[in-house]
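Each in structure tokens, the structures are laid out below.
Look at the two complexes coming up: subunit A is in both, with subunit B in one and subunit C in the other.
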Partner chain A sequence: MDAARDRCVTGIENLDNILNGGIPRGNTVLVTGSCGTGKTTMSMEFLVHGALMGEPSLFLSVTEASDKLLKNVIPYDFFEDSLIKKGKLIFIDLPVVYELFGMTKGELDFEDIDLLVKAIADIVRDLGIKRLVIDSITSVCYQLRTEEKIRQFILKVGKSLSEYGCTSILVSEISPSSERYSLYGVEEAIADGIILMGNLQRRGDLLRTLQVVKMRGTNHSRAKYVLDLTPSGVLLVPLLKGGSI
Partner chain B sequence: MNAPEIAKKLEDIPPGSAITIDMKIDSYFDFIRATLDLFATRKDLDCIYVTSTIPSESILNALSVLEVDIDRVYFVDCISHSMMGKTSQSDHVIFVESATMLENIMLKVQYLMKKSKRENKVVIIDSVNTLAIHNNTKILSEFFHILLNNLRSKDAYIFILNMEGQGSEDLDSMMNLVADDKFRIPAGQEENGDGNGGGEEASE
Partner chain C sequence: MSNTSVGIEELDKALMNGIPEGYTILVMGPPGAGMELFAKQFASVNEQSVTYFSTNERTGDLKAAMKKFGWNADINVVNIGTKYYENVLARKLEISRFRQEGITMKDIRQFEKGTYKEINFVTFLTYEISKLDPPFRIVIDSLDFFFENYDHHEVLSAMRTIIAHIQHKGGVALFTMLKEVYDAKTVSGVEGMVDAIIELERDREELEFRKYLVIRKVRNYPDKVKILPYSITRKGITPSL
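Now for the complex of A and B:
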């Protein structure tokens, strides 16, 4: 493990090994992939482990309602109800925040961005949030529309979270055939890390895969791993090459 | 060689070793019975049984006929799906769609290893020959290399079944490379083909 920078241990054992100890604390990581590749599930597990380690963890949901998301974490054999009751694991629906600030126009302007960033930063500061997930940044981007605004938003959010020592995951939705890691390309350029999740077709079998494409502040494996979503959380093994290309 | 004799032979194996078991199909259930008796019942371990040979249900049925305690046996069943057979829900059986999904076999073993509360486990891989039907030797040796190293580091007892007459030179030299040792179970004089071998069920 590099001692250079304090790590945010994801608690997903195999992933921490791939990352040489965890995500460098304060990093903003883009977790990207097409629909159904396990982005939400893995991000949620990242938060549950954080909460279990005593780090207040926040899930900012844009597309799915919190109560539905909560149902997904309950089956985990390491989940504890008390995490919710003690406020260690918090769910907030981002549309509620929009509404609170009257951002109901559908498109956010630069002023809205500052408000939104400040709102998120305030929550993070006031609640001492150490782990944050925004699911999905793509939905937020839809409301930002322009590359310039997306850049603004991600840079500002990333900066203020980092100042509070909060490690964040931005979930990015891309089409299976996408050659980029994010819809607008801006997200991936700004993020400190990119974790790519996907499906791999091999001789008629479909495998779930994960690959750490980039992660500032740590040495990491760049190999492709096969992933399984289990009641004990995400498990990973190296993709076998079998002497093929 | 009967079950107690086999058990005796396996008794001194240290944890964290991977042993190839060379045997004839006749010894199949004697071996399973001996292993379960020794490791599950007497040593109080959980057993992870990876089958690509016979559906888990058939093994379970046979074991219950033999009155072997199956409480501690967990299956990774890589054959029922592809036989379009029954894949009924059970805490003790996890299905892998096809024996070509070697990574998923590793993942399911890893999951069962993680879930088991017992300190030590015994892992049976049944068999190298049926896995070789679905996978080439290169990918298979990579699979064994990673899986066995992982299991060794967790101090599991690992047995890889190798059916005599179903192998090849390639397969044998691969097993010599990845496993720590090899045991041969001589065909028994006592059991004069009582028809209890797994071969019949597998070809159903």
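Now for the complex of A and C:
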């Protein structure tokens, strides 16, 4: 069954192994964790690898200006300037889209949601986008305010993206003590997959961890991995059990 | 000390042979009462450099109306109405187009290149007035534009600054404002700040309007308060004493 569904290879070696070959194409995955756990970095790597494989990839930035984000990826061994010039790796600041639609009053209503979803879907269709990251969905949720609207937005975005065969990552920010995977609880319930990123204190070290909690359409390991951010990208190794934590 | 004309001979006589430097007049009335005409008459006085802030009329129409009465139309018009259209309304039109038709990557990149910034016209007005060198004569026709689009507090506070500047520099000014539209706090705020208040009133009698020019407030001259009937003649607003 696993083989039946086309995979979106993340390019992060061990993550593809954990997922039995990659994220099932068209899935909407919530990458969630507190700050500094490597969510943005890993999502960006997912896009860069996609672009290198010839898949047009789009980064929708809500919290940070995209030119600033770009500076962070340049040091990577595998990054190529030409990806941007050739339009394989595309950055859009979502606040620009808000401005174009005159959504500057704070809270968005149901009509605004439809417009936003349509705008994203149109761009994905027009440019043939195969990978999309929204960083962060939590910031979008702040504008939506209510659970119904968040549900509406994620469902509609997820549906239209998957129709175009686009695999998407929604970055979600949570507090370290949170018992949920997302701020509003709605996001995690609708997403096709959840990748949880965290910090783990061990023998005086603060380790970054990654765990695939859920992924529709594939078997996967649910074990906790240690994540290392290196110039050649994200490295994942199994978290060795035992010892004193 | 020589006073300066308000542009209406009979009214000059009823006041202090014109008005002193630093004076601010508020003209109030219902729509169609002739406040715009009054404003133009005031602007036609050629004793200072004139700056006319227009919120509703096109500059060409404004000057043509002045010329029609044979008045001096060599004035500086700052057209806030036009600027508002270009800055805010055109933007609103564009937004409705995007909302109707959707956006493309091109629209996004286009927007990123531009440096659109919504102008605050209260700040703009205050700034434009602060740049004027005395002797100057200002017309703001009308305050209604500002009350419609901005918080009343913000407008009143800007007016206080503007009026203080006019007093300090010895300019003269005329503001127009609709009557019976605003809450008591706003109205008394404006009325308290200006030096003179003139209301345009009209009654219907059979098939005719009777028009009155009500001098309601003249700072330090309570004896000047009076009612003058007026008609519109070739000279513009013409009160009979």
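Going forward, the second predicted complex is superposed on the first by the 241 of 245 C-alpha atoms of A that agree within 3 Å, B and C clash if a C-alpha of one lies under 4 Å from a C-alpha of the other, contacts with A are read in each partner's own complex, and residues count from 1 in each chain.
By our rule, contacts are C-beta pairs under 8 Å (C-beta built on N, C-alpha and C of every residue); 3 or more make two chains touch, one makes a residue touch a chain.
What you see is a predicted model; the values in this text were computed from it and never measured.
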Between subunit B and subunit C, which one contacts more residues of subunit A in the superposed model?
B
State whether A:Val97 touches subunit B only (first), subunit C only (second), both chains, or neither.
second
Touch test for A:Glu179: subunit B only (first), subunit C only (second), both, or neither?
neither
Of the partners subunit B and subunit C, which touch A:Asp122 in the superposed model: first, second, both, neither?
second
Identify the partner contact of A:Asp81: answer first if only subunit B is touched, second if only subunit C is, both if each is, neither if none is.
neither
Quick one: which bits of subunit B touch subunit A in the complex? Just the residue numbers, please.
97-98, 100-104, 106-108, 110-111, 114-115, 135-136, 138-139, 142-143, 146
Touch list for subunit A against partner subunit C, complex:
90, 92-93, 96-97, 99-102, 115, 118-119, 122-123, 126-127
Within their complex, subunit C touches subunit A through residues 91-92, 95, 98-99, 102-105, 107-108, 111-112, 116
In the complex, subunit A touches subunit B at residues 77, 202-205, 207, 226-228, 230, 232, 235-244
